[in-house]
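Submitted below is the structure of interest, expressed as C-alpha cells.
Chains here go by letter, A, B, C and D, matching the order in which they are written, and residues are numbered from 1 within each.
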C-alpha cells in the first residue's frame, strides 16, 4: 500500500524529525521507539509499512531539509549519525517539497495545492495521500458566514477576502483532492461546518487536533487517577517553558491562547468540575526544542485533608511528536482504505483536543484506539505476518 | 446488612482515621472524599452503608482511641472538630477493641481471636465480620514445611514454635471464624498455600496486599502511559521520606525490604522489562504522617533521544489509606454475601502487590473493579435507592 | 526605649501576624524563630526589646484584629493556641488602630495621619514611633512634577489632585511627624526626590523596599553561587502561585508588574548580565497564605556544557514576613536613636529591591547588616547584658 | 612559571576533562566558563597561565587519553569538536602518563612515584609540579600506629604491610619529591599526622578534601541562608543518582560512607545543630556523568509554622570538577611559589570537607579565597598585565 504523507510545514522541526525518523526506520538504522503503531496491540496488516511511506509537503521557507536536519542534530533532537547516513534519502524528499502558495485569491491557492497533491500522487504512483498539518500554530479564527456550508464557502473563496485561515485552506484542498486530512496543530483545520460537510460528501476521514506530547499527556493519566480515587482536585497550575520554532510562534498571545485552551480541556472533562489554576506557555529561546513543563496539583483527600503533587516534564517536543505523525498517517491511511469517513473520534489518544472525543482519559482512549485498529486489521483480512 | 469491620492494629493511624471517618460519614459531618465506593460507577445496593458498619479490633497497645484521634488531629491528619464532635461514638468503639493475644501456643492465640470475633458478631448481631489487617508491617516470613497444607499447619500451631507470623495467624483465625480477610499491609497474611486451601474449604473470600496510596499509585498510571506510547523507560528511581508509626517500623531493614519489593513490582510487570534504579524508604520522624516521595524517570523517545520526568508526591498516608479500608470492607462484605470465595483478584485496584493480578495498570484495574462490583449489585437485585 | 510600631495596613495578614508574634514573644509563649535581631551576631543593647514595642496603625477595613487572627489560625498561619492565649492583649492593640483617612484633599489626609501618630506617641509616652507600610501593593506611580521637591509637593497636596499614592502620603506624614519610615511593600513609599529631601531636612532615616521572603530570598544566595563559580546562567524562569490578600491584589496586572520587576533585579545586578526568562505571579485562591514558587535555572559550565537547577519553595508568606517587620522596626528605631538619617542602605538584607544597595548577594548584605548593627550597639555603649 | 600538573587517576573522567579543557583554553578554542581563577576578583600575576601548565599523571588503566576523551564527547561531557581539534595535543600528554606502580613494598612504590615526578619535572624543565589526586574514591582508612609520625611511617613502609591507602602513598611520594599535593577526592590523602608533619618538615603546602561540585555546593549557600534568617531546619534529606566511573565506585558501601559523611558536614557546622535526614548516593548507570540530586528541606519559621524547600540539581559532574582542578593547581602552585606551607585552609571554597575550615558558608569561603589570592598577587608584585 504505497502511501503519500504530505506535510504542511514540511521544513519545520516536527516534519523534519518525522521524515528523518521514517527514513531511518525504513533503512533499519533505528528501532521504532515512540511508535505506537509498532506496539503488539496496534501493529498489523492494515497499516502501510515504513517502506510504503513517501514524503512531500508545502512550506514557505526555503532552507534545505538537510540543513534543517543538521540543525536539529546540533540541538540534540535527532542523532547526527542518522542525518549523515541519510543524506541521499533526504535529497530525494527535498524534490517533493513545494513552496506554500501565496498571492491570488484563496481559490487560486487551493487550486495550486490540489495540483501539487495530484502531481505528487501521480509521479509516485501512490494509492493515497494523507495530508498532515504540522505548520505553525495560527491565532483563533475569526467567524465568517461562509463557514456554515460548502456552497457558500466555495463562493467566498473566489473573492478577495481571507475567508479561511491557512490550516483550513489546506483541509479544503485536501478534501477537494480526495485526501484524508490530519491536524496535528491546535489551528482550525477541518473544524468548520462547511469542511465537515465537504468531507462527508466526499467520503473522507479526518483527525485532530493538537498532538498530545507533554504536559497534557501526563495530565491525561493523572487527572483520571484523581477521579478514580474520588480525590478532589482543588487547583492545577502549570507552566510550559519552551524555545524552538513553535515556542517563538506561541510567544504571540493569540496563538498562545488557542494552545492553552486546548491544554486545560482535559481537566474539566475528566474531573467533572474546574479546579482553580491556569496553564501558561512562556518562550525561553535558550531551551530550544527541549520543553520543561512544571505542574502543581493541590487536592483534598479523606476528611478534606490537603495534599499536593508536582511534576516536572523535560521532553524533546519534536521527538515526541514525530512518531505520532507517522502513527497518524499510517492509521488514517488504513482507515481511508477501509472506507471510513468523517471525524475519526477513535484517534483521540493522539490529541490534546480530540474531535468528538468521548473521554480525555488516556487509558480509555487507548482501549478505543486498539479496538478501532483491530477492526481495520480484521477488515484487511490479513495476519500480522503479512504486514511487513 | 449489619457488617462488622474488625481491624487488626485497631489503635494505629490508619485504623483510627478509618474509624473517625466512618463515624463522621455516618453522622453526615463530612463528605465522602476519597471513598471509591461512593463514586457513581461503584456505589449501589450490594454494599453495606456507612451506618451498617460496626467497628472493633485487636491491638497490643492500650492508648485510648480518643487519645490517638486527638494526636492525629494535632498532626493535621484528621480535623480536630470531628474528633471533638465524635467523642461519644469513639467511646462506644473503644469497648470493642481487645488486647492482641500474647503468650501460650499459637493455637491458643488463634482460639482467643476466634472467640473475640464470635463474641463481637453475637453482641452486635452482625450479618458478617470482615477482618482487615492494618497492623505494623512484618519482616518477610521464614518458610516452614507446615505452610504447605491445612492439616500440617493445624498440627504445627499446637506446638511451641512460632510457625506463622501474626498477620497469618489472624488470617487463620479469621477463616476459622468464617470471616473474610483483607490484608492492607505488605505482610504475609493469607499468602500461604495452607491458608489459601483453608479459605477455599470454608468458601471464604480474601483480598490483599498492601494498600496502594502514594508513589505506587502514581506509578500505576505513569508506567502504563510510557508503555502505551512505546517510550522506553531507562531508569526509575524513587525515595520515600516518611515519619509516623509505619515509618518507624520501616526503619527496620527487614520490613523495608518487603515494602520496597512490592513497590517495584508494578514497573517490571507493566513495562515488560526492568528499568534501572531502586525505590528507597527513609524514616524522617519530623515528617509525621505526611510522606514525601520523589521519583525520577529517565526515558528514551524517538530515535533514542533522552528525556526525563520527575514528580514529588506530598500525601497524608493515613488519610489516603483510610477510605480504601472502608471501601475494601464494604466490597468484601458484599462479595461474601454474594458467595464469592478465594482471592478477590478484581480488587487489584486497591493494592500495590495484588493477589493474582492480571495487570498493574490502574486504568485496567478500574475497569475490572467496576465490572466486579456491577455484578454484585446485579446479584443484589436492587437499585441504588435501596442502598442507604 | 519605648518604641511605637505604626503599621499601615494594620489589619492585613502580615500586620496581624507581626502583632500576634510580638505579643507572644513578649509573654514568653514562643521562641524567636525567624527573628534576625535575636541571632548572636545581631542582638544587643541598642535594640528595643519585644516588651518595649507598642503597636498601632491604620487600615480602611474594620474587621477586629482578633477576628483576623482567628482566620489566620484557621488557615495555619499562626498557632490557634497563641491567638486564644493573647485575646486580651489583642484587644488592647485594637484600641490603637485607626481608620485610614479618606476624603478631603491629600493635605487634609496627611494632617489626619500626623495627628494620629502624635496622639499615639503621647498616649503611650513613646520615645519614638516607626511607621511601617505593610498595606496592599499599589500600581506603579504616575510621574508628577511635584515629586521633584518638597515645596512643590506641599503646594500640590493642598490641591484636589491625587498627587501621591497612599504609600507616599503615609511616608510624607511620617516624616512630617518626625517618624522614621519603613516600606515593606513594592509600592513607591519614600522613593521620590521630594520625600528623600524631606527626610534629609528633618534628619530622619528610612528603609525599603519590598520584604525579601521567598523566591527572591533563595535567588539572592543562588545567583551569587553561580557568579562565584563563574557558571553562566542562560535562563532563569519562575512562577509564584499564591492566594491570600496579597495574592488577590497582585492579580491586578499593574500591581503585579511592580512586584515582578523588583523580583528580577537581583539577577541582572548579581550576574552582570540578564539571563533569559521571566518571573510570573499567579493568583490561586485555594493556596491561601502558603505560596509555592518554582524556578528553573539553566546554566553552562566548563566547555559550555548545559546543566539545570530547579527548586520549589513552599512558604507561608506572612510567617516569613512578620519577624522581618519586627526586625526592621527594632533596627530602624535604634538607627533613629543613634541619629542616622536618609536611606538605610545597610538594611538591604531585608529587601527585594533595596534602597541604594551596593549588592544583591545575601551573604554580603549580611556582612553589612552585622557591621551596621554592631556600630549601633557600640554607640549604645552597652553590652548584651543590658539589652533586656 | 612553568607548572606541572600531575594527575593521580590521569585517565579518569575528571582528569580527562581537565586536560581537554586546559588544552582548549590554551589554544583559545573555548571561554573559561567555570574557572574561578579567571574571575576579576581572583585572576592576577601570581597564577601560572593556562599555557604554563604541563600535564602528566598515573593511572593503572591503559585506555589512551584520546579514547577516553571521545567517550566523554559521546556522553555529552565535552564537545566533540574540541576533542577532534586537540588530537595532537592529547597525544603529547599521553606520553606523560605512567602506569600506577604495583607490586613490591609500599616504599618501592613510593620510590617509583618519586622517580616519575622527578623525571617529569626534569624533562619539561618545570619550576614546580603540583600533584592532584583525582583517582577513584577509597574506603575509609584502617588506623595504624605508624600514621602518628614520619619516622614510624618510613619504617613501616619498608615492610610488607599496606600501611597506607594509595591516596596517602601518593601524598607521601609528592612530599618526598618536594611537590605540593591537592586531594580532590574524599580519600585519606594527606590527612594523617605523619603526613602533616612531613609536609611541615619540607615546607610544602597541601589542600583538600573532596571537590564541592553539586548538592553540597548548593547546600553551602542554602544552609547559611536558613541560618542568617534564623529559620529552623527540621530535616534535610537528599538523594544523589549518578552513573559514570565514580558512581560505580560509590556503589561500594565503604566508599559511599566516606562520601556521604563529607556531604553532611556542612549542615551541622553551618546551622549549629543536626537536622534529621540523610544523604544517599545511588548508582544508576544510565545517568552516566550527569548526576541528579534531589534534596528536601523542611523548616520552621515564625511561631513554629512549617515550610519546605526542595531542589533538583542536574549537573555534569566532570564538567563541574575539571575547572576547579585547574583552579586548584594554579593557586596551589602560586602558594608554593610564595613559600606557603601546611594545609591551605583558605581554599575551603573548593571542597566539601575542607582542611581546617573555619566556615562551611560559600560566601565566607569566597571572601577568604579572594583575600588569600590577593595576598599572592601582591607578593608576586606584579599587575594583571604581567600575568598572561
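Convention: a contact is a pair of C-beta atoms (placed from the backbone, for glycine too) under 8 Å apart; a residue touches a chain by one contact, two chains touch by 3 or more.
It should be emphasised that the depicted structure is a prediction, and the values quoted were computed from it without experimental measurement.
Touching subunit A and subunit B at once is no chain at all. Common neighbours of subunit B and subunit D under the contact rule above are absent.
In this assembly, the C-alpha centroid of subunit A lies 50 Å from the C-alpha centroid of subunit C.
Averaging C-alpha coordinates per chain places the centre of subunit C 43 Å away from that of subunit D.
Within subunit B, residues 310, 312 each touch two or more of the remaining chains.
Pairwise chain contacts present here: A-B, A-C, B-D, C-D [touch as defined].
Against subunit C, in their complex, subunit D makes its touches with residues 17, 20-21, 24, 30-36, 38-39, 76-79, 82, 217-218, 221-222, 224-225, 228-232, 300-305, 307-316, 319-320, 322-323, 349, 361-364, 366-367. Those residues of subunit D that touch subunit B in the complex are listed here as 234-235, 237, 239, 241, 276-278, 280, 282, 284-287, 292, 294, 296, 298, 310, 312.
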